[in-house]
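Below you'll find the structures, each written out as structure tokens.
Shared between the two complexes below is chain A, which pairs with chain B and chain C, respectively.
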Partner chain A sequence: MKLWRRTSESRPLPPPLPAEALPWLLAAALFTVAPHFLYQPGWLTALAGLVFAWRGWLVWKRLPLPPRWLLTLLVTAGVAAIALEYRTLFGRDAGVGLLVLFQGLKLMELKARRDGVVALMLGYFLLLTHYFHSQSIATGLWMFLALLTVTAALLRLHGDGPARPAASLRRAGLLLLQAVPFMLVFYLLFPRISAPLWGLPRDAHAGLTGLSDTMAPGSLSELIQNGAIAFRVEFAGPVPPRQALYWRGPVLVRYDGSRWHPRPADDLRPPSIEARGPEIAYTLTLEPHNQRWLLPLDSPRAGPPESVLTQDRQLLAKQKVIARGRYAFRSVLDYRHNGVEQPDVLARSLELPPRRNPRSLALAARWRAEDPRPERLVQKALAFFRQEPFYYTLRPPYLGREAMDEFLFDTRRGFCEHYASAFVVLMRAAGVPARVVTGYQGGEVNPVDGYLTVRQSDAHAWAEVWLAGEGWRRVDPTAAISPARVESGIAAALPDAEGLPLMLRMDVDWLVQWRNRWEAVNNAWNQWVLGYNPERQRQLLSRLGLPDTDWRTLAAALAGSTGLLLLALLLWSLGRRPRLAPEVRLWQRFCRRAARGRPALLIQPWEGPMAYAARLAQAAPPLTELAAEAAGLYAALRYGPPLPPSQRRQLQQGLAACIRRLPSRRLS
Partner chain B sequence: MPLSEPVSAPVSTPHSAPLAQPHTTPYAIADGIGGGTATAPEITAVLAAANRIILGKEIPIRLALACLLARGHLLIEDLPGVGKTTLAHTLARLLGLDFQRVQFTSDMLPADILGTSIFDREKSSFRFLPGPVFTQVVLADEINRATPKTQSALLEAMEEGQVTVEGETRPLPEPFFVIATQNPSHQIGTFPLPESQLDRFLLRLSLGYPDSRAERALLESGDRRSHLAALQPCLSPADLPRLQAQAAAVHAAPALLDYVQALVEATRRSAAFRHGLSPRAALALLAVARAWAYLAGRPQVLPEDIQAVWPWVVSHRLPLAQGGSQARPEDALALLHDVPLP
Partner chain C sequence: MPLPALRRRLRQALGRWLFRLTPDRGETTLHRRRIFILPTRSGLLYAAALVVMLLGAINYDLALGHALTFLLAGMGMAAMVHTFRNLEGLQLASGAVLPVFAGESARLPLQLRHGRQDDRRAIDVLVAGEIRAQGDVAGGNSTTLSVPFPAPRRGRHPLPRLTLACVYPLGLFRAWAYYQPAQTHLVYPCPLNSPLPPARATAGSSEQPGEGGQEDFSGLRPRQPADPLRHIAWKAAARDAGDRPLPVKQFSGGSAQELWLAWADLPPRIGWEDGLSHLTGWVLAAEQQGLHYGLDLPGITIAPAHGPAHQQRCLEALALYPGAPGAPQPEDERP
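Our next item is the complex of A and B:
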């Protein structure tokens, strides 16, 4: 009992929170928490905003902190609300929500310096959690600013007080700058893991856009409005002409009268593809779209190892594409595919929904009666599209139950999916096996970095017909109505760029230039920073002479280079620090010895020798003469006029003797 | 080498430093410590005589003398009746210098200070009547009562060491020493000196009330000015320039210059002040610290000398970031704790 009492009495009060650090703590917390408002429920944002405003007001008006019971109440209510919202207190979103709540409320109990440190450490941790949601350049920049603010706040907290705000920020920047070599070493050498360390919820990728696996009139024209990038392509050789750029996606075979459906991708008999031109090699960086297809250039010959090529030449990844990935492909633009086709495939490519579109069927039957050769039928259909008044438009009228009849004979306004769909229906009705292929057409070379950019707005649908002896041949009925769509792209094909978002319109020159630059920067970031995967790490290390790395070599390389960096920093700082003059070391030793056992008597950094000697004399009168002598010697050596070396040595010896003459035990 | 008198160090511990004690600041008034020669006997005599006239004001007297030895002008800011004029008069007498007092008022014109030409009927030509500024020690009393125009006439004379009246330049006597007094600027009817003109004063002091012992002695022995008439000069006219030269020759080691630079840099970085010290202020600081060390008979300047004169040399050159006025000596003193000795 007595012992306990003594310790509790002798414990000094914790150092108080410096008042000038408060605005910094607030700013740092705001910086770290702010981006979370994009992802968390509205009530949490409102609560955090309220707490921040409240705290700011308290600082401004110099009011006392709220009582403890109110805080306890707030924390309990907040935790309960988070548990209700997420149905758990664990996992990514609930965990981050809790941290945001704590960060806000921690500001309400900033009393001692220790509280400030806790708030800032929480801030450092919260910063990391932003990367759950976004890893873009903007996020990186924001994180850097937040890191700078948090570090500057830490400096203010530890007595950077009298400095101007800009000076604190500069110092924090310098500190971070010193960390950059370590950051690079860790980035390059820390063992890379393909999958994220944490499990992600199943619906994490629900919002991704891209081609759908079915097609109905209107499904593509919605996608066209989207200027987002679908993928980027880097060709090994020259970029092929735009008309040849058909990026092959899902193949749709079954038609139910309003909607086209794919076949299950289970037909893995290898397709026979006979190349009739040179092979083209290219690398495609695909944005995640939460589907399996990989969109190679028609026709792919072989895909990367993690993909399969189906009988109808769909290249499918083994898993859904939920992260940006780089794929190396080889394609041929001129080819012959399955000159001999499986009967079941042909049979399926002739099916039509029963009792639908009678007028179309009648037209096809009439053509077939005139000339049953498939090539002629294809020509007739295309000529029909060309000669009759068909329009290419993003805003086609609504079609009813007999959709193809209405389109072919009444409305005659449609988008690529209408033409592809109508063409395939006509061909099947005339007895020619046909199917719909969707994907992207064209793309645009970014002059800044030379990458071909393909956007969601380049989404396209076309048809394939099977001709005996020749195999599947691509027919693009849209090209018959609007050749410009295929030759110059979507923006040129639509009258007055109707309905296209501003970013896609090619007539605003400066906008296009800026978009190109920004996308090139983004691409570089994706390729070189985010795309640094285990594969690239292996390549880099083997280029550095470390082939066949496993985690042990990596760990050794990491430890080795970190050690080398530390050593270099140490040498540098030792070289920068001026070596202390002998009299300074002697004087410091004297002061340390004199104050032994009495921390209050330690010399202060700003204290001159005479002032210190006087203070020592007051606290320990027996030391008066010795202190005055030592101080005098030191003053003469350090601040006096230059002395000849022999005299200098003599004075130094005198100072050393003063140290020896200090009593070995504490005087009281 | 014993300390000849016990010195109370005002800055004892980091947390409980009694910062605002304008008159007990200096470290080591003790003479001759730090391996030095003794103070010049003339100096000792001047100080002793002055302390007999003005009671209980050792430090301000010492600072005023240091200012004179460093060839600078002195500004005393204080209430009326605490002995500003007596101090100026005493110093002039002891140093054997001419003395003139000018009472500044708001209707004063530059010519009232500098002098004017009057027409001499007999010679039918103009004759220059020198103003009160043509003397060795000018006491400019209540300088902030005058209009800026009049103030600047005096301040120009201080800067140039000469006066130009009606196109003719006339040199002022050597040495030329201005002691200006100023009422606290919150008093009504004052024109506070602008920053640039405050800079012309090497030191700004305040005298403060005497302590009770000194006040009792004053009451017992009557008005000090009556003693002035009996005062004999301690210096001959040739002595002062010699002493000034010796003071300027006190050694300042590289380590000490590092310290001066660190302090000046700290004022520039500090958020407490609107701007930091100029190079001229750094020179002033060093000059006064040299004179201060010289007064203590030390052949070298110590950090303690810098610290002792620091608040009086810099506070009037540092505008506060908030409030718009000049820093008080306490504000400047607080900064000393932030700058370690190099």
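Our next item is the complex of A and C:
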């Protein structure tokens, strides 16, 4: 028991900080700040670590807090350093940096309980900022761990101080457990709004990987090293053969001698696509890549409503893809595209940088002189790649100014972008309209959940040529050099020495199995937890019998179910009665039954068993013996010397028998 | 009317209307209806933080951000129930408050008890808005707190209204209930030290040494309950080996001198309360010096005697002397 007094004149002092809460506050701050150490600049981590160590030492040695001027100095220096580091104070990352700084330094001025509360609220807020970087299952688990610590610290600030640490953690766990039903209801029913509400700072989506909108030798091979998942596909029917899985991304038309660029503006004239086979329906869950293209299976005929199909068959979202999204597509594998093409498109598809790659131009001119039919020219180029000693490698030698000449005639080592690029240059030089298409090729079916997984390492580049009457035809020169790339995937196409990331090599069986399981769990997490968007919410609610919900219905459902949950919690917590010993329960039941219909005969709180039995005997003489027996049994169990369990049970059974022997009707 | 005074008035009016308090007799249980609950400043901060977090989660489309915000909102609601429950069903009983002198703190022994299984924690007891005591009650158990409260004026006063409040577990909500024990407590006037007035001989008893004096030992008699302990003849009692009642030493001589503590002996033109304070100081001094003293006030006379019971009687008379709350005020009392 604590007791303190104050004179009535003084202003009430704020409640002090319980000393037992200090280590908990430190731990809570550490838990909420620690994941940021992975993402923020090293000096900030070092500063925060230093502050934590310093504060821990002060607590350990029971030293006073540092003076205020020193803290002011540290805050000023820290803010200035963050402003220098991020060039702003208002971006997302700079804001998080500031919060980390404040959290560390707030620990240095914990005096009243209020300071502790502010630090913990900041901690709750910091937990949210972890998800800018990662929303994986591990991050979710960490959230629970950190929440437990922060909540236990809050408990210790408000009266749980003297309790054992395990008890505080248990109580925090109970609170969290009771909060889970509320979370589920809110998660399902809270009206979801499509983001964003306001303009995001420029650094909001930094660090998303994916295809780039230009291509130079080497740009894809960097992406190949990345085992991250680009998208997952769920086919309505069987999965098409691997050789047909070309996922179409940006189309690159302009070549400046070293780099391929897209058209300066999207060509929105509708393409003419004639289907020559059945349509394939599938759903694609695309990881955010901060670009607009949607990577459908080649070739889509139309996109979902929130996208446009350009003249060169790029499927573009209206906005950059900054969140994981699910898209329902239909594609045809066999098609004819623009048998009659716009002249400006054809003209663009023949342009070459002037005075570059003379040897390539000469080779193409020679082929054209031999046989000018485009069909034959394509065959010649492919045969050239096949017959000359070309190698497929992730580590091609550096190419200089005459890049294509050097590649075609000197180095002859390259990756898919080299082959696609060289092929298009040769075709254009020979007078066949051609362009580069990038995207992904292949993918692998996860046997655990049946999704086809396409990774960044499946990034690919190929070519398209336009043949009069037939339209645009896909030509993949890489397949000419390394058929395995298209048939079995990148891991099979490259020699072992090429050092692909461990996870991409397919030869470790158990590793592959575990990866498949882990990715299936992750996919479920992505689909059902992270991918819960307005559309999924609508779907779920209509499955629950609430079709066409607007926010009013949702708000009503939300309020109703929250109220019910609160009521349930209230009833549960208020209705918990003390657990009584069995003999007390039996004796109370006996007394209640004996006094049935006569409230005056109810046992009074102060009445002992013998006194009650005597009163009962006086008021209802037929009960005399029974009352005396029951009272005797109860007294022996309750107040007598300790008995062995078997004997206790016997006496309890005797007491229960007394209840049964009570007359069932009121005695008159 | 100045603003703070207006606010105080409003608050009192609200208190009367909303909390319609009747004194609680005997053991009182804090039922659901008696418990109020509102968010604290921390609770409002928490709510504001949740709103900002929700906006952030929506804007950056953070699924886990939504989950975290909703989990915290749920925890806030669970905490509300826990805070409410921390007071609910608490049984209160107040003990006797011993008399104190004006200006001291009186202490109310307050027993908190409850029959539920779980612990009730960090319950504050407030008097006039200030925390006076704090305690935990273990499940199925009881705790007795000593609640000090100021006793500024003499007289018999009703006990102050107590507020039982708690912010446990998270400090986001504050639940409170009022408890008004139906008891009174006695406050003696604040004693002032001044030299005792001269003793005077009582008419008719001056010639022969009276019984019950203070100076010379004159014999033993069986003890009566009112006899002070220091007059017990312990050595004689030890010789008796406890067979007979405890013997008490009797004194005689000098007792012809009876001390009358009279209003008339006070300095002239003294105020009522100061006068009572002087008399209180005299009573204490006379009792301590072992004198035989009586009290002579306008309207009240207490015959000379001695002993704790007598002292208590005198002090009570002084405490309740007209002028105290509940009694008509003398005309010449200072404002």
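To be clear about the criterion, the second predicted complex is superposed on the first by the 412 of 668 C-alpha atoms of A that agree within 3 Å, B and C clash if a C-alpha of one lies under 4 Å from a C-alpha of the other, contacts with A are read in each partner's own complex, and residues count from 1 in each chain.
Please note the rule applied: contacts are C-beta pairs under 8 Å (C-beta built on N, C-alpha and C of every residue); 3 or more make two chains touch, one makes a residue touch a chain.
Small disclaimer: the values here were computed from a predicted structure and weren't measured.
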item	value
Chain B versus chain C as contact partner of A:L570, first or second or both or neither	second
Which of chain B and chain C A:W551 touches, first, second, both or neither	neither
Touched partner set for A:A614, first chain B, second chain C, both or neither	first
Touching partner for A:W518 - first (chain B), second (chain C), both, neither	neither
Comparing the two partners chain B and chain C, which touches a greater set of residues in chain A	C
Touching partner for A:M143 - first (chain B), second (chain C), both, neither	second
Chain B versus chain C as contact partner of A:R638, first or second or both or neither	first
Touching residues (chain side chain A, partner chain C) in the complex	1-6, 8, 12, 92, 113-114, 117-118, 121, 124-125, 127-128, 130-132, 135, 139-140, 143, 147, 151, 154-155, 157-160, 171, 175-176, 178-183, 186-187, 190, 193, 195-198, 200, 204, 322-323, 529-532, 562, 565-566, 569-570, 573-574, 576-579
Residues of chain B defined as touching chain A within the complex	1-3, 6-9, 11-14, 27-28, 30, 33-35, 251, 253, 255-256, 266, 269-272, 299-304, 307, 335-341
Complex contact set, residues of chain C against chain A	32, 42, 45-46, 49, 52-53, 55-75, 77-79, 81-82, 84-85, 88-89, 105, 115-118, 121-122, 128-136, 139-140, 143, 145-146, 148, 150, 166-171
Touch list for chain A against partner chain B, complex	162-165, 167, 600, 604-615, 617-618, 624-625, 628-629, 631-633, 635-636, 638-641
